[in-house]
Each structure stands twice: as structure tokens, then as C-alpha cells.
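Chain naming follows the written order as A, B, C and D, and within any one chain the residues start at number 1.
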Amino acid sequence: MTSTDGLPAPLRGIVPPLVTPLSDPDTLDVDGLERLIEHLIAGGVAGLFILGTTGEAPNLSYRLRRELIERTCQQAALRVPVLVGVTDTSLVEAVELVRHAAASGAHGIVSASAYYFALGQAELFDYCQSLATRSPLPLFLYNMPALTKVRFELETVRRLMEIPNVAGIKDSSADMIHYHHLLALARQRPDWTVLMGPEELLGESVMLGGHGGVTGGANLAPQLYVALYEAAAVGNVEDVRRLHAQVLSLGRIYRIAGGGSSYLRGLKCALALAGICGDALAEPFQPLAGTERERVGQIVNEVMSWKVPAPTRLRSKTEATP
Amino acid sequence: MTSTDGLPAPLRGIVPPLVTPLSDPDTLDVDGLERLIEHLIAGGVAGLFILGTTGEAPNLSYRLRRELIERTCQQAALRVPVLVGVTDTSLVEAVELVRHAAASGAHGIVSASAYYFALGQAELFDYCQSLATRSPLPLFLYNMPALTKVRFELETVRRLMEIPNVAGIKDSSADMIHYHHLLALARQRPDWTVLMGPEELLGESVMLGGHGGVTGGANLAPQLYVALYEAAAVGNVEDVRRLHAQVLSLGRIYRIAGGGSSYLRGLKCALALAGICGDALAEPFQPLAGTERERVGQIVNEVMSWKVPAPTRLRSKTEATP
Amino acid sequence: MTSTDGLPAPLRGIVPPLVTPLSDPDTLDVDGLERLIEHLIAGGVAGLFILGTTGEAPNLSYRLRRELIERTCQQAALRVPVLVGVTDTSLVEAVELVRHAAASGAHGIVSASAYYFALGQAELFDYCQSLATRSPLPLFLYNMPALTKVRFELETVRRLMEIPNVAGIKDSSADMIHYHHLLALARQRPDWTVLMGPEELLGESVMLGGHGGVTGGANLAPQLYVALYEAAAVGNVEDVRRLHAQVLSLGRIYRIAGGGSSYLRGLKCALALAGICGDALAEPFQPLAGTERERVGQIVNEVMSWKVPAPTRLRSKTEATP
Amino acid sequence: MTSTDGLPAPLRGIVPPLVTPLSDPDTLDVDGLERLIEHLIAGGVAGLFILGTTGEAPNLSYRLRRELIERTCQQAALRVPVLVGVTDTSLVEAVELVRHAAASGAHGIVSASAYYFALGQAELFDYCQSLATRSPLPLFLYNMPALTKVRFELETVRRLMEIPNVAGIKDSSADMIHYHHLLALARQRPDWTVLMGPEELLGESVMLGGHGGVTGGANLAPQLYVALYEAAAVGNVEDVRRLHAQVLSLGRIYRIAGGGSSYLRGLKCALALAGICGDALAEPFQPLAGTERERVGQIVNEVMSWKVPAPTRLRSKTEATP
């Protein structure tokens, strides 16, 4: 394993996609963010990924995005690497945000592609190449076709792997067959990272060679996901089955409201009930209320009662910046 | 027909979705914009719609979007109303842009919805209501499900029609059945505007009661689209057939390159070949070149040779601001 | 207009896609079929199309399909041409059905393509060519991509137009832009027929050059659709608007139940309430009941009260077989 | 493990979806079928599944389907259970085929749903319930939403599990998250079988609790898939990784032609080159030829050179019918 400026290559473990704690739709919940980051680092995560889909990035104002980057880097204080999502429909704005991330001390960026128009593969390559060329930070590709309208096809990934600054891929497609092909491709570049998005697929993706996961539920229960990662990394199938079942069970909070924002609303509600941060969302999404909130509470109580092994080792500033 | 501050209600005629003339991917082609606006007003258009899909709005930097708004309003000089697309994933940024549009002298805004996440109908309503409430300008809904992932369902439109500041809808879904239902709904509010997006459907939409079209090809040949609109408005089926066939024929320029940006690249190439503005596009799109460019040139030459009736009356400042 | 064996070329007017009257899920309602056919011929239709989507063809047993073909041809008794849908996943079974149709006295067949696998354009061409070659009857293409998973692309249609036995196309895609391109293509073969599927698009399709419609609502109210066709054919825009609004209004019966079978269930319920045939459906579809049935009844009562002009001329055996 | 009439419950292991050997598009390759069945039984498979998607079932004539059922049951001679796909758009025809399968000595049937219309969940339930009620053989559900237009949602599966005659599900959706939820549901009925369709997902599905796979590549290399199944069943992650990589590598034969029939054409070409059966396909599909055929040949040669462990135990008539 090599490492550049505090970023292991490949990056292994759980890199949670942080929710963006808000006190109202356009105001950062500064205390909640602090608590969330400490909760995650104490839980053994291998990095922090802000401004992804789970972070509601596209729905936030640019001012708030910049503030979040600064505060996260300060709070993380080099104990774990910070990755910043910069997916934007405007490449000019994306580059601006990359520069801000670099100046704030982030370790890498994560980018899909302009997502209003449905890009072709050549345009997808151009977007990523253009961004990688102008980025002082390593770039991770973000495969999220349901929301960006385009999948990173294997040939496109292969071409992007030739750019040294492109460091890996986070696959949120939930297409496990595609993931296996991405893993096979990654063997051609040993420093290349392949991370799984959907937490329901974390166990098998790591058992079959993946490097870790960007799993939303880790905001709530980081130790559970770290334990699942670690069991999978050593091929302990029994533990994987048990912890995977717990992850599936936790996931009931994502389906309570129904609709495209159900995941975000359920997760933020759970974090509020667990005392980590408030449940305000950027417009036009609304917090859960009433019986839906109560059902999340019941599941959170269950989750809190589970015995989960402690992470085998806590990530420290020393480890992350050799 | 009533009118508020220079904006007829309903708004009738051709309101072209302006391309954004660029001299490089992040620089406005100021002279090109001036020529384009004069070309359109001379062609008899009923308004100017900037920063729509044809305007590559989501791919432009915010700085450039603001500059385009200012210069378009200045150049139009109240001769025709100016509508500004403000669709944004962040409602905060959308509101900022609305304020800039209002301060610059625009007459209305056009908005779909946050388009990264797939909104449900309740969220779509919330987004539009929130924007309408904060907008000093009338808001036109923009139905573009292929790119925004959500369709304005009839019940959502019906509820939004109850907000006085919501002035109409531009339907770019190419779903003619849905369009007919929207038209039927519009009869409940006589000042409400229903405009057609795809130019291939302009003739029939107006013959059956629609108010006009936001037709991309009008950038190149405004008189053709105005003539088609006028023939349809008076129910001259023979002329509609003939002009409609010309519109279809012109549309060959949109399919030369293939892929999602083919329309934009073909249209900008045609405008460059016609001497109106350059063919630079915002990243990651590239201008057409080589034989593709030559084929566009042949079609442009054909189009230029067509005899099209002059608009029955030129729109004037007087007419637009009673 | 030329004509072959009783089939005009092109075929103009309303060719309703007959529901299949059933007394139970696998038994033909023989009396209902007789009443339906007489109702349609009295209403001025230009032909009868059985075993289409509206006829629930794929859900019927082959025994019942053959019986329906025989009885329909007998009852029509050459007064109007009979077209038979033979779309099948197995080309062998399709050919069998074509032979049965020819032997029973049908005038043409209508075929999409094998619809279990998603065919490519080359395979779609092969399927249709193979069927046309073996068919003693003229073949109409059936463009129904939502159910067959493949669209007849223009180049495929162009190639199929070179086969003399391929007589036209019925476009049920509801994609009006594609329809316009099909119409433009059809000008290359003057005997080629282009029919519209969705009744909401009948008026405009005929005004802009189409030859007629295969409109489901004509089972209930054939005179309404014939009147709309005739107004459109002569370019009477005022009448088209009025009759088109009635067609839209009738269409409320299709959306009462919700779901993919809502159209079929609503239409059969209406026919039962109008005393034409029973409302049994092939499995797994169920007739409407309770308040849904009552709401259909209210709409049927409205429809029955409309004044619709009589067809300008009744189709007769003489006309259909010159 | 319980067993009824030779069918273990749950059914564990590899149950290959047999190609249908053809000597021409409507003629069974009787010798090829015999060789194929012996090849599979020698390879250690746990059952034979005929008339599935891989078997081109919907494209075959009914006469040929019946012949295939008879000959397969005869040749298998109770050494392994025979499952018969009976998915049909017409429930009447499906029931006919079930009866033929039962009379021929098959052990179970596999059914999706009527697939021309897009069924709702209630209709999907009705179809399966109706078929299960009339079937003398246990019914396995077939989840194939890409081709049937409807997914078996969890609540629908839960309701169908209450019917004793519904024995399990084959999930060909390639949606691994859904598969995990199906597995969790299956714990409520210990005799219920959950099989994986896509072979790229076989290893992980069995490691995480699934019972086996219906893997197309097993037609060519049954021992490879049986070995992968057995490694996964005992949690041997190292062997799973290695054999899984071989399965992915073999899968190159499916993508050589491109398009929806590429899988079928590649697989049949490989079987022909391996001397098992001919490569004729039912219309409208065509065998591979030229350089495409050569590329398949190279991959087949590679596959043949792999060392694969022998199945730990050969299935015998004794084992299958205790």
C-alpha cells in the first residue's frame, strides 16, 4: 500500500458519505457536524466523504458547500483523509470547488459528471479528464447512473485509469455485475481504489476483492459497517452473514417515507433521534414527522442494542499521514 | 388578453430558447448575442427565453449566467419580454438568479425543479411553490421529464395554477397526449399560458388550442416558426402542413452528430455557418467539425433558400408594454 | 386509391381495434361479438382489427383466437375489410395464425415482433420480412414499443417498405414526432398506409397527412371517431377541436382503475354498460366493480348524450370490394 | 432437507437453464439434447431447467416445446429433477403445458407472468396463484423484470409463499439488493428455495445464504459452476474468488455479438464448437459466424484448459428420489 499526502492507495475501509447537518435549509449545524465527525472517527472509519448524494450536495448553496468543506477539514484535523464531492453541471463551478477543497486541506475529490444533459461516453471522459487535469487533488470517479443518466462503462474507466491523478472509483450503481468487471479491471493498477456504494452489497464486494464502502448507514452506526468490512476483508463468512443481516435490518429506516428522498429523510431522522445532528434538510425535502418518525425511532433503538465488535484499530492522524 | 408589466397573458407566439453565444467555454460572445437578438426580433418573435436547455444553462458558470441576463435585457430594450430559465438543483441559487433577473429587467422566469434527485409530485410542488412565493416575477413551469426525472402531473399543475404568480407552462416532454390534457386544464384560467417545446409539434399544438412554441430552430430561422405559428393560429391547415414539413427538414441538423448533445452541437454549428454567432459550447461539449460540419452547411443552405412569409406584424416595444 | 382484394391502399378512416367479447375468460361471447360488429359497421368504420392489444390477443388461448377470426370474418361478410393481429413470440405460431386468417377470409394481418426478448433492429426486420414472405395477406407493421421493447426505427421501416406485401404501419407509440417522420417516409410509396393508434392523437395525425386511426374508444362510440376523422381529413379545425375534446373526455373511462390493464377494464366495462357485450376479461385481468363501475357508467351516460354527426357515408360491401 | 417426489426442498446446487438444441429453427436436435443432458449430469448438476429464457422458450412452437419436455424427462430418467418453464402470455396455454409436463414426468414448473401487458402486483399475484392452483407440480417463481416488465415485489412473494404449492423463486433480476431481501424473507419457510439467475452473482449469493444457481454457462462447463457453488456453500472465499473470476472470463462469449440476443448466440456457438449440440436458433435469431465465431472458439479453448475440481459427489437417481 502506497500513500500520497495522507491518502492511502488504495484506500481501504469504510468512508462514510456524511449527511450535511443543517439547522435550517441553508444554515450549517456546526455543533452537529462536530459531533458527527467525532462519532465517525471514534467508530473507526477510514476517511470522510462530504458533499455526496447523501450530503444533499446539489441542493445546497455554494456558500454552504464551501463552509462545510472548511469546517470538515478543520475538525478532521488530518486524523482521517477528507474526500469532497464536486460533481457539478458546470465544469467551471466544479473547478472552483476543487480549488477551495485543496486550499482547505482536503485529500481528494469525488466526481461523476455534468448530470443535466445525458452525456455520452466520450463526453463523460472529457468531463473527468478535464477536471482531473485541473485538480491538484486525486480524483475518484463516482458511478451513479440513476441520478447522472450515464454509467461509467468499462472502456471509459480503462481510459481514465491511464491518468495518474484519477485514483479510483466509487460504484453506486447497485449493479453487482458491473462492479465485478470494475474490480477485474482494477487489477491492472494496484494503487487503484474500488469502493462500493450501497451498503447492502458491502460484504460481498469486499469478500470478492473490493477495498471498502461508502455506506450511508455508517453515519449512524459506524462500528457496524467497520466490523462488516473487517469480517469481509479476512473472509470470515459467518460474521459477514450476521453483520450483513444487521445492515439490512437497519436499512428499514430508508424505506419508511417512500419516494426518492425517503433514504435521506430516514437517515437524518435517525441521526436526530440518536442525538448526533438535527434533521433539517435542504429544500425541497422535509423532515419526517408523526408516526413515520416514531417508526424510525423504534428501529434506531433496536440498532443501538446490537452488540458490534469494536474496530480492530482506530485510525489516527499518524496512520493517515505517514 | 391581459398584460402585466409588458408580459401578455397568455403569452402567444414564438418565444425562442436562445442558444448562449460563446467565444470560448466560459466567455460570452457579446457581439454574437447582439446579432442573435436582433435577428430574432426582426423575425417576429413574441419573446426571448434565455438560460433554458438550448441555452446550456446548467453547464454555464453563474458569473456567465448573470452577464447573459443583463446583456439580453439591455439589448432587448423592452421590445419583447425576456424570460429567464432559473432551474437549479439548489433552490437558494435559483432564488439568487431570480433576483438578478428581476433587477436586470426580465419579465418572467421559467423553472422546472431540482433535477439531481428524482422528486416526487409533492416535492415538485413544494419546489415550485417556494420559488414562486419568493419570485418578484411571474413563473412559467418547465416540463422536461427526460432531463429532470419528474413530470408535472395534471394534479400538480392544477394545484400550482392556484398560485397567481404561476403564469403558465412550457411542455417539452414531447408527450402530445399529456399536452392535450394540460390544454384542457388551462381552460380553467384564461390568462394561463401553454407553450410547446418540441418544434415538430408546434403546428398541431397551436391548431388545437396552444398559445405558441419555444422552438430551438427559431434561433436560425425565426420567420419560419412565426409563419407556422400564425398559420396554425388561424387554422390554415394547408400552410401548416407545408411549413411543418420545412421544420422537420430543418431538424436534420439536430441528428448529425448522434448522442445527447447532438441537438445543441448541430444548432450552434448552423448558427455559426449562418454568421450569427460562434459555435463554442460550454464544457464538456465540442463543436462539430469536418464532414459533420459540411452536412450542416448543406442543410443551412437549403433552409436559406426557402420562401417564408414575413411575420404579419412585427412585435414592438409599444405592443409588449401597453 | 388502389385496392387489392377488398383492401383499399392506402386504407383510410377508422379501423377500430375490437375488444374480444368473452362470456368467461376462455369462452367467446358470440352474441356480443355479433352486436359489436354490427354496431361498428353501422357507425361507419373503414375496417375491423381483431386480436390487437385492445383485443387482449396475447392473453387468449389459440383455440379462442382461431374461433374469433372465423366468426369475425363471417359476420363482417366482406362489408368492411378484416385485419388480424398475429404478433407472437414464436414465428411458427404466427405463421399458423396467418394461414388461418387467410383461410377464413381476412384481408390483412398486423404484426409487431417477437416481444419476449428485446430485439435489435436487424432482428426486427428479419422477423417482419420472414412473416411477410410467408403471408398470403398484406402485412401492416405494428409499432408498440412500450409492450414489445423495440421501436420500428425509420431505417427499418424504409427497408420493410421495399417488400410489396408490407402495406403500412399502425403507430401506437404515442410519439408524435416519430409519427411525423413516418408520414414523411410514407410519401415515397403512395399506396402505403399510416394509421394512428392513440385516439388522443387522431385529429392532428389526420390533419397532418395520416390516413386514419385504430382507436379503442371507437368500440363504444364509432360515430364520434368517424366524425373526428372526417373533420380532420377535410381540415375543419373547429370541428376537430370540439370532437377531439369529446374523445379526451370519453377517455376518462380508461384511467379509473389505474395500472396497466386500466384501459382494457374501463373499455370493457363501458361496453357492458352500453349493452354491447359482457365485461369478462382473459386472465389475469378482472372486470371493474363497485364504485369504479359506477363512475364508468356516469361517463358512458354523458357520452351517449353527445350529438355527433352521422358518418358522411356508410361503408358497404360494394365499396370495400370494388 | 425434505423432499417431495424427487424434488429436494429446498433445491440446492446448480440447475442449468438448458439451451434448446435445434437442427433448424423448428426442429429439435435430438442427439444434441441427449449429449447435453449427459454432459450436465456428468458435471454434477442438481437438476435440469428447460424452456427458460436460455431455452428460447417463447420463440419455440408449442409442438416443439412439448417434444422437448417429453424427451428431456425420458433422458434424465429420474437421475435429477426436471423443471419446466411455462411462462406464457395466455394462462390457458400455460396450464396446458403444465399438464403436459406433469404427464411427462417433470418435477416442477417455473413461471413468471403474462409478459405482454405490464402487470400490476395484484395481477401478478393472481396469475401465479391461478397457475399454482391448477398445477399438479410445485411452482417456482421466475423474477425476470427486464423481460416481463414486472418485478416480484417482496409483499407479493410473501403472499405467494403462503401457497404450499409455490416452492421457491429464481431471481434473474441481477438486482443483488432485492435478492438479499428475498433471502431474508425465505427464512420464514425453511423448505423454500431461492436460486440466483446471473452466474456472475452465483458465488456471493450462495455465500450469503442462497441455495444455488440457474446459470447459463453451466451448459458449457457444468463442473466449473458446480465447483463454484460448492466452494461458496462451505464458505471457501479463496476458491470462490478464483472460480468466480473464471466464470467472468467465460462470460466474454456472451458479449461478442452485441444486442439482446448476444448471450444466446454466444452460448449456442460455444456449445457447437465444443461438440455438444448445433447452433441453430429459433427465428428471428441467427447463429454467429465469421470472426465472431472465431473469437468464441478462442475463449472456449481457454475454458477447456482450466483445471476445475470434480464435483464432490455426482447426483444420482437414488439421491434425487429418496
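Rule of thumb we're sticking to: a contact is a pair of C-beta atoms (placed from the backbone, for glycine too) under 8 Å apart; a residue touches a chain by one contact, two chains touch by 3 or more.
All of these numbers come straight from a predicted model, not from anything done at the bench.
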item	value
Shortest path length from subunit A to subunit D (each step joins two touching chains)	1
From subunit B, the most remote chain by mean C-alpha position	D
Type of subunit C:subunit D copy interface by residue overlap (half), same or different	same
Separation of mean Cα positions, subunit B and subunit A [Å, integer]	38
Whole-Å gap separating subunit B and subunit D, where each centre is the average of the chain's CA atoms	52
Touching two or more other chains - residue numbers and ranges from subunit B	none
Chain-level touch network, classified as line, ring, star, complete or other	ring
Interfacial residue positions of subunit D with respect to subunit C in the complex	25-26, 53, 58-62, 64, 89-93, 113-120, 122-124, 126-127, 130, 146-147, 258-261, 282-286
Touching residues on subunit C, where the partner in the complex is subunit B	174-177, 180-181, 184, 198, 200-201, 203-204, 207-209, 235, 237-238, 240-241, 244-245, 248
